[in-house]
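Notes to accompany the following structure.
Labels run A, B, C, D, E and F following the written order; every chain starts at residue 1.
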Amino acid sequence: MAQRILVINPNSTAAVTQGIDAAMAPLRFADGPRIDCATLAEGPPGIQSQRDVDHVVPPLCRLIEREHNATDAFVVACFSDPGLHSARETTDRPVLGIMESGLTTALNLGSAIGIVAILPASVSRHMRFVRAMGLSQRVAGDRAVGLNVVELSDEGRTFERLVATGRALRDEDGADVVVLGCAGMARYRERMEDALGIPVVDPSQAAASMAIGAIRLGWRTGRRPSA
Amino acid sequence: MAQRILVINPNSTAAVTQGIDAAMAPLRFADGPRIDCATLAEGPPGIQSQRDVDHVVPPLCRLIEREHNATDAFVVACFSDPGLHSARETTDRPVLGIMESGLTTALNLGSAIGIVAILPASVSRHMRFVRAMGLSQRVAGDRAVGLNVVELSDEGRTFERLVATGRALRDEDGADVVVLGCAGMARYRERMEDALGIPVVDPSQAAASMAIGAIRLGWRTGRRPSA
Amino acid sequence: MAQRILVINPNSTAAVTQGIDAAMAPLRFADGPRIDCATLAEGPPGIQSQRDVDHVVPPLCRLIEREHNATDAFVVACFSDPGLHSARETTDRPVLGIMESGLTTALNLGSAIGIVAILPASVSRHMRFVRAMGLSQRVAGDRAVGLNVVELSDEGRTFERLVATGRALRDEDGADVVVLGCAGMARYRERMEDALGIPVVDPSQAAASMAIGAIRLGWRTGRRPSA
Amino acid sequence: MAQRILVINPNSTAAVTQGIDAAMAPLRFADGPRIDCATLAEGPPGIQSQRDVDHVVPPLCRLIEREHNATDAFVVACFSDPGLHSARETTDRPVLGIMESGLTTALNLGSAIGIVAILPASVSRHMRFVRAMGLSQRVAGDRAVGLNVVELSDEGRTFERLVATGRALRDEDGADVVVLGCAGMARYRERMEDALGIPVVDPSQAAASMAIGAIRLGWRTGRRPSA
Amino acid sequence: MAQRILVINPNSTAAVTQGIDAAMAPLRFADGPRIDCATLAEGPPGIQSQRDVDHVVPPLCRLIEREHNATDAFVVACFSDPGLHSARETTDRPVLGIMESGLTTALNLGSAIGIVAILPASVSRHMRFVRAMGLSQRVAGDRAVGLNVVELSDEGRTFERLVATGRALRDEDGADVVVLGCAGMARYRERMEDALGIPVVDPSQAAASMAIGAIRLGWRTGRRPSA
Amino acid sequence: MAQRILVINPNSTAAVTQGIDAAMAPLRFADGPRIDCATLAEGPPGIQSQRDVDHVVPPLCRLIEREHNATDAFVVACFSDPGLHSARETTDRPVLGIMESGLTTALNLGSAIGIVAILPASVSRHMRFVRAMGLSQRVAGDRAVGLNVVELSDEGRTFERLVATGRALRDEDGADVVVLGCAGMARYRERMEDALGIPVVDPSQAAASMAIGAIRLGWRTGRRPSA
């Protein structure tokens, strides 16, 4: 039976999951791992605060337990990497977080990383995680597009704000690579890269790509506490 | 009505709460804040893994919401500071975490901090949090006493291991101040300090002391997300 | 006999000492340590340079020696923490410095600290001390209000400049907590916090609060060199 | 025509190239990029010094120029990442270095990285590169197996030394993930992981896996200087 | 016979070598080391990219080998320190790089270093080297004058841009000492210092001064790999 | 009239001053700056504590003021750099500190610095200064020889302990360059280097060498506060 990667969108908005799913297409090989995307039904419509981050962990771990036998690697597809280390204690399958994979991939593509956040309130949370990863020296800035949910549904306006935020990261903070600080926005990646002239990373793609490596090359991210 | 600090033990072991409560005595002033200690009934008997840390956050936040009106400052009394940032989004009362308060207090007492963990598996979790706080340059080592729950009930043996671990931190890692990496062990603090000859900090005491300052001096740790 | 904290203003300006003394009121408990404030007669009218910092150390240590028997904890109340480590070799009573206590307290209240200095020339001195404390990752900026002594006596103008400087720290440097980089300005703290919407710490209050903890909980900061 | 990854062994020892080539098997998908491995004829038999590192750059860049039109992504397969940044100025195809990819992948698999070097003289060179990547906080140690070329041909002895070195990294330095600091040793990876009980990364595999992501997802590492 | 320092300009532009040579005058003592300056004939007219940096290493090492017997210390006079560590493996004479010596000298002259680059493309290369040296905490900014070769031949315009760039480093980045990020511009140093009011370091002079120390005091920078 | 460097030994032990003076011989050029060494009569016999460090600042500044007109550069020759920043506010002549110059020179000679302290109590003071300089990433260890004054007068025993301490720094901490953490021990430098096989720096020599550069090349370290 084919190997399988399960990409979990920990918010309950199916449109986000569909955006992630579409972004997986280039990573689906005929004889490679199947890549499935799931929505965490118990999650909030969007993950906006640390409370949201923390509160999805229990249902996320239950989902991982349910899917454990049918899955070879998991991706947690929310840029705050909710429950990443809990998940790694829950299953001995590799678990990748899109913030961790997105930023560590970007380390290969530039010297100074810029993060495009959606909400201003996410910035200090992101910076806490950047420090926890020990990557402060490589992150040049984290700026929010500052659009609300309704505004984000306007693709033209969203693209315009993404590019403006990327330009501020590039020109004011000195970033030479940008990471999208959100799942489900891969459809803007290529156009944004063209507009900015520096690499732009969609973190869900980066994590799924690393999950393929993990499955094929035997990388483990954790062990059950009882092990 | 008197001001009130609520110290929450997020594990369900009442004996730990009692140990914390006894350690609060020196901070109870006639006209100072009342200091109450509560056990989180929904918590596990002990918090040993990141899963444990993450899973107590929802009930912890519910407890904080229930106690919000009757409380002026909260202390989360587990050395992994579970839900600290969620709690700060849950209430506009100051919330102190014992790891954060314990380490930042220790910065005033020495140059190189040693952390005495209970379990070996906690060390890499602690180091992730130390990096998140940006304090790596000041933490010289984190070593586990390596006793299980049954062994911890033997006070003589526990004290012996605490001192041996503190000595390794002092002599091999160069620590000149030690922080107990666990709630409810304040009864060993003074004797341990005498044995080691360097300051030893009980983190629950450090956090409660900072909570008094917060109440009396108007320090805020957060705001509701809606604010 | 009651325990006693001695807060030493190492400059010779009694008005500054009075400002500090007034700020201690919320920390005076009926059965808590007495908090006395003293002016270092031999100090300069204001501590503005590293020379000023270094030259107050000998008389400061003599004052500490004279007061040693009558004192349970000392606070050195100048934001450059003059003689802090000398003082800790002079007495085995705990000695807190207001820069060290102010910044380490602020680590509990936000992610990125902004320091409001009085004089532009203080900034590089502050940054040297911030590096010595290993806290560079957490200090977002240090900006001077840039008022001279005469101008500082105009409370309205001073408050206006404090708020403008705090806004620059918040909006340009990303600070989410501010520390007043000077003793004796606690009277502006609350209004400044209201104007900025982020926590503002008076460092003398932070140090005195930590001194109460030190006295009650047995924290030591040093030992005589002969020990 | 199929996409193609060219993995360049910059030393002239064909046996090393063959070891790398064998390690690529799990990454070869029916409809994925072809992965070819090439030996740099002008390289030295082994890259042991900074001089060796620097001297392969001109022929390496010439090889990349020759292969540019026929190649979609390059991997430089020597753990000192010779010419990595020059190569990125030579071609607008993505170029991955195995040290950079190996370490950044390991950041996803553990908290503290241990590097297994071959020669003691490589350690300070590695540490200079680790600092250049800004990853010092995450690298716990770098230790050499200390075998010469003849001894390395003895597989039993080499495996024994690899495991002993990994154990020292794990037990004395606190590493919880190990990166092989050399190309062409993937055949030891799995057995070493079994012996150590923590993840072991072969850096050539990590880089090739990232090269697949780069090709499929449009990540660029650089631009021609004239661009 | 007198001791001799050889300062190597690794680009092939004799005018740059002459500028360096003129800058050595204050370091030539009657009974001190002779200071000779040489042009690397095989170098490019200017070193602008990492490719340029890497490609001069082989001829640079050959020049050092040829001059080894007649030389007591070498200076590599290009601000990207091309081949510095290779050169140290090539000769057991001390080898100083002007970036390394310029920055480490500047650490004695101020708290926050500003680097004046010539080309915008050099900035990320410089920052990689600054990280490799572990000096990120002390470098406040790196800004390019942004003049091309023709424009650099206009001394008035060049001086104006140097001062404007220095002012931005001082006023926007907080630098209190500036290092010229290029060889052969010492003739602007003093006037620039007068215009800025903070120390300005010519890195070739800093390296030659350190080379005198190395010769007279026995400092070694390396050893042959065979040693 | 010849230029003049004044090297000030801030302790009152003339034998130390004589040791420093002898170490200056290689830096005295026929037409170079005169190098005089002075003993601070008001200093203690040895500088052992932070109190000693701080208490020599006032007489040190007075000495600098007296010698200002007759001096072109000052060196403060005690490894704790007492009063370095005060001295820089006292005179507009360059002032070098031997710890700062010794460590920054060593950055040119190796990757990982080991410091040989005399007293165990100096280590945490040194580490505070290393942090203040932002050099923690480059200092591998600081170990004390642990000899008292009487024992230090036994040259054979002292040399033996210096070498043993240097070996521990090299073999256990990974240092590849050693700095003597004390003034007046230059006579051991060369023999120690031969015994260890890695560079050994006498910090007074390093500072005097940098003072020559400062005088000849116009480097300034500070300005009067009134400027």
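Keep this in mind: a residue touches a chain if its C-beta (ideal position, glycine included) is under 8 Å from a C-beta of that chain, and two chains touch if they have at least 3 such contacts.
Worth saying up front: this structure is predicted, and the values here are computed from it rather than measured.
**Q** List every chain that touches both chain E and chain F.
**A** Correct list: C, D.
**Q** Chain by chain, through touching neighbours only, how many steps does the shortest route from chain A to chain E take?
**A** Tracing touching chains, the least step count from chain A to chain E comes to 1.
**Q** If I rank B-D and D-E by number of C-beta contact pairs, which comes first?
**A** By the number of C-beta pairs in contact, the winner is D-E.
**Q** Hey, which chain ends up farthest from chain C, C-alpha centres compared?
**A** D
**Q** Look at both sides of the chain B and chain F contact and report whether the same residue positions are involved, with over half shared, or different ones.
**A** different
**Q** So what's the Cα centroid distance for chain D and chain F, whole Å?
**A** 43
**Q** Using mean C-alpha positions as chain centres, tell me how far chain B is from chain E in Å, no decimals.
**A** A distance of 51 Å separates the two centres.
**Q** Compute the distance, rounded to whole Å, between the mean C-alpha positions of chain C and chain F.
**A** Those two chain centres are 32 Å apart.
**Q** Going by the contact rule already set, what residues in chain D reach two or more other chains?
**A** 128, 131, 133-134, 136-137 - these are the residues of chain D that touch more than one other chain.
**Q** Pairs of chains that touch, anyone?
**A** Final set of chain pairs in contact is A-B, A-C, A-D, A-E, B-C, B-D, B-F, C-E, C-F, D-E, D-F, E-F.
**Q** With touch defined as at the start, can you tell me which chain D residues reach chain E in the complex?
**A** Contact set of chain D toward chain E: 48-51, 53-55, 57-58, 61, 83, 85-86, 88-90, 121, 125, 128-129, 131-134, 136, 225.
**Q** Using the touch definition from the top, list the residues of chain A that touch chain C in their complex.
**A** 123-124, 127-128, 131, 136
**Q** Quick one: in the complex, what on chain D touches chain B?
**A** These residues of chain D touch chain B: 110-112, 137, 174, 176.
**Q** Would you tell me which residues of chain D are touching chain A in their complex?
**A** 26-27, 29-32, 94, 96-97, 100-101, 104-105, 107-109, 133-135, 137-138, 189-190, 193, 199, 201-202, 205-206, 209-210, 212-213, 216-221
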